[in-house]
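Read through the structure below, which is laid out as structure tokens, and then see the notes.
By written order: A, B and C. Residues from 1 in each chain.
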Amino acid sequence: MNKKPGFFGRFYMSIILFFLYAPIFVLIVFSFNSTRSRTVWTGFSLEWYRRLFSDGTILDAFYTTLIVAVLASVIATFIGTVAAVGFFNMRSRWRTPLTQINNIPMMNADIVTGVSLSLLFVSLGTMLSFRLGFGTLLLAHVTFCIPYVVLAIMPKLRQIDRNLVDAACDLGCTWMQAFRKVIIPEIRPGIINGLIIAFTLSIDDFVISYFTAGGNIMTLPMQIFAMTRRRVSPEINALSTILFMSVLILLIIINVRDIKQEEKLRQRTSV
Amino acid sequence: MKPNYFSIPYVGWMALFVVTPIVMVFVFALTTPTGEFTLRNFSDMGLFLPVFIRSFRLAFLATVVCIVLGYPVAYLLARETTRVQRILFMLIMLPLWMNFLLRTYAWMSILENTGLLNQLLSFLSLPTVRIINTETAVVIGMVYNFLPFMILPIYSVIVKIDKNLIEAAHDLGANTFSVFRKLIAPLSIPGILSGVTMVFVPAVSAFVITQLLGGGMVFLLGDLIEMQFLGTAHNPNVGSAISIVMMLIVIVFVIVMNKFGSGEEKAVGL
Amino acid sequence: MSKELIRLSKCSMAFDGEYVLKDIDLYFKDKEFLTLLGPSGCGKTTTLRIIGGFLKPISGDVYFDGVRINDVPPHKRAVNTIFQKYALFPHLNVFENIAFGLKLQRQNGKKISKTEISERVLEMLDIVSLKGFEKRDVTLLSGGQQQRVAIARALVNRPKVLLLDEPLGALDMRLRKDMQNELKRIQQATGITFIYVTHDQEEALAMSDTIVVMENGEIQQIGTPEDIYNEPKNAFVADFIGESNILDGIMHQDGVVEIFGRKFSCLDGGFAKLEPVDVVIRPEDIDIVDSSAGMLRGTVTSITFRGVLYDIIVDFHGFKWLIQTTELYPVGADIGINIDPDGIHIMKKSSFSGMFGDYSSFSDEYENISDAEFEFEPMEDVERTEDRG
């Protein structure tokens, strides 16, 4: 843009950032509190971190969340990638309605998606005699992740020079080989993006899990929700501090690497 | 294998896990718990009118506050250098990486009657406020959770506005304010519209925020639906009918808004 | 160059019911350099894509070495293509791009060995003058270098036929001239049949053994560059290839044609008595003489300096001719012209008669021609998006 923001602009931005980070800051600070209180600071301790690593319920919920997120994001990325390529090669007469159906889980309120899936699973369950649990949870997660994967990959497909696929076939590839050797490498950034989005959505989801997991299995967000109805143990603060810090460090590493790469590229092209 | 067959597995998946569940919601909404056809689930909807009104009112309020707070952020962000933009953008998105239940829970500690905000106020010898378990607390929670979803689409629209357009406008004698009013504001309408959709839909169906920050005093549609499926009321048929009515209102709202929005765009000659 | 290699027999192609190729009959001889020449949307790229296997004709047959190959997919054809804008794989470096096809090949079920691949790639890099470029990132190469990589990538597979789709379109004038020579050299050195698509008639004349002029999905003329230039079959070909004055004439008998009420002797014959014909006179075949001594008399209306010679526009009875001359005649000068019998070419009337040949809007036409060099082919872009379905 033409002009950089002035003092008031920067000041406003800082206030908004403060608004966004204040609760997170509070959470982190009170993870080091020496008592259970979430509002009164009584002194520094690592007690809650120690207890976290011996608390079976929380760790179990954490593992469940992680396993579901890994499985759901990988499966969703696989199905979504193949589906996106398929959609892209379709005539628009078919593509348009199908992409609209694909968009439904993204546009719909989470609670409606969750409720509708639970109706399906319960009804199927009575017919085929299975109960809500890990399987239904995973199916639900895959279902709400795929549309985002498709969304992440579509623009990359549009960027591909159509002649590239022709060129690969011309040089001896069957269509499947061209898909593996040319299309996949070309859309790889989109695939990785889709995988990351799917993973974070899955790890963060509460509403849909709540309706599809049944009573015997709990994800971390469900565990947190259950605790908020009584009183949250600062162990949860400790766990989220660890998770948040890991993400922060990861993002810093990725960004520093990106910036370095860009500078390298700039230097190379300017020579 | 031809590439257009690639989508067949997913088309099957969608049929089973996207279309069928929605059909089932309709089937449930039109039947009694024993499986007979009925329209009562809809005709009794008037009972919940206050909940509908409260939900849409609060969601509307939260959306407006998000636009008012978020638009300047998006605008200011787009004017920074690329490098600063990247850092600030990351800072705005980063809170989303902490679970929203926890972030909402943190607001409890801040807004409680003996919470951090009131501690600060009494430290400054100011009168304390009672926010927790009110509609205000719920709206704060919604704004806090959904603000990034308003900033993101507006920012991505503004940042794509051709710099040549802005320079041309300056060249033609427009000052910063009129460039904003005549050029940037109308061009950013699509961003606002998608932001509104991204904020309004989760706000109108929220149920965790109300339970944490509303303390059960602020009862919204999300709570109502949850109660019908997993809670004490347990009546999935009524719950399905409520979900359908809620989504239909939202869809009509979105369609009307987009019609209105594209009219605006045409008015500025795009 | 003797044997017939590829034959298109009654090939037609249509997109959404609109015909872009109409019953094409065409054969390609082994080891020849054949150019498909024509303006945007004439069907030349469609023809090329049918040979490459990217499009299936809606009717008619394609033969390779006498075998019908309509249903053979691109990867099983002994044909390689140089695409518009090269279509190099951006995620692979120069070496990997060139080795792409070799790594896929199987000889008696066995892969080609790594050392052989490496040898053949390096040899190819040498042929296209890119020694030492193996490790380079293809996206950082110049247009000319990318072009060379694309050529190497196609030729390293030792195809029988190389298809080139406007390969020089994206290069600047100078580089184009160099690459024309380079391509001709490579074709002669390798003995591979080149099928070249272009809208640039100079390029076609300079490089080809055979030129196929196309328009409206039909073949207008097939011949050597000399044939096409000297003996155009109709007004379209005469106008598209080089500059030409195309006039209405009446054939009186073999060797005698009437233009503007005057009889000229010519070398052509075989027309009916008093048959109306199109007469082509190339601007360089006209001799300017004193106005009293000429067969026709006219007035100079404009002059353009072209370096070696001048293009002058001369008004004869309201019809404007283009004449090329080394001497300068001022605007308004009265001049006479003589035309030798071998400078007059007689063509049968066709659907193109009357559409070309008058130079009253000379400057516009010149601009159109130079614009065409940078013009994409919207028609054929449509084809590309259509063949998705």
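Rule of thumb we're sticking to: a residue touches a chain if its C-beta (ideal position, glycine included) is under 8 Å from a C-beta of that chain, and two chains touch if they have at least 3 such contacts.
Please read these numbers as outputs of a predicted model, since none were measured by experiment.
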Handout entry: Contact-linked chain groups that survive once subunit A is dropped from view
Key = B | C
Completion exercise
Chain with Cα centroid nearest the overall Cα mean is chain A
Problem - Pair joined by more contacting C-beta pairs (A-C or A-B) - result: A-B
Handout entry: Intercentroid distance (Cα basis), subunit C paired with subunit B, Å
Key = 60
Exercise for the section: Averaged over CA atoms, how far is the centre of subunit A from the centre of subunit C? Could you give it in whole Å? Expected result: 55
Practice task
Would you mind pulling out the distance in Å between where the CA atoms of subunit A average out and where those of subunit B do?
Solution key: 18
Fill in the blank from the handout: Multi-partner residues in subunit A (2 or more other chains touched) are 89-90
Practice task
Among the residues of subunit C, pick out those that touch two or more other chains and give their numbers.
Solution key: 389
Handout entry: Multi-partner residues of subunit B (at least 2 other chains)
Key = 4
Problem - Touching residues (chain side subunit A, partner subunit C) in the complex - result: 89-91, 161-164, 166-174, 177, 181-182, 185-186, 188, 268-269
Fill in the blank from the handout: So, in the complex, the side of subunit B touching subunit A is made of residues 1-11, 13-14, 16-22, 24-25, 28, 69, 72-73, 76-81, 83, 86-88, 90-92, 94-103, 105-110, 112, 114-116, 119, 144, 147-148, 163, 166-167, 170, 176, 179, 197, 201-202, 204-205, 207-208, 211-212, 222, 225-226, 229-230, 236, 239-240, 243, 246-247, 250
Handout entry: subunit A residues within the subunit B interface of the complex
Key = 1-5, 9-10, 12-13, 16-17, 19-24, 26-27, 30, 38-39, 79-80, 82-83, 85-87, 89-90, 98, 101-102, 104-105, 107-113, 115-120, 123, 139-140, 143, 146, 175-176, 179, 200, 204, 206-207, 210-211, 220-221, 224-225, 228-229, 232, 236-237, 240, 243-244, 247-248, 251, 255, 259
Problem - List of subunit C residues in touch with subunit A within their complex - result: 52-54, 73-75, 79-81, 83-85, 87-91, 100-101, 104-105, 140, 153-154, 157, 384-385, 388-389
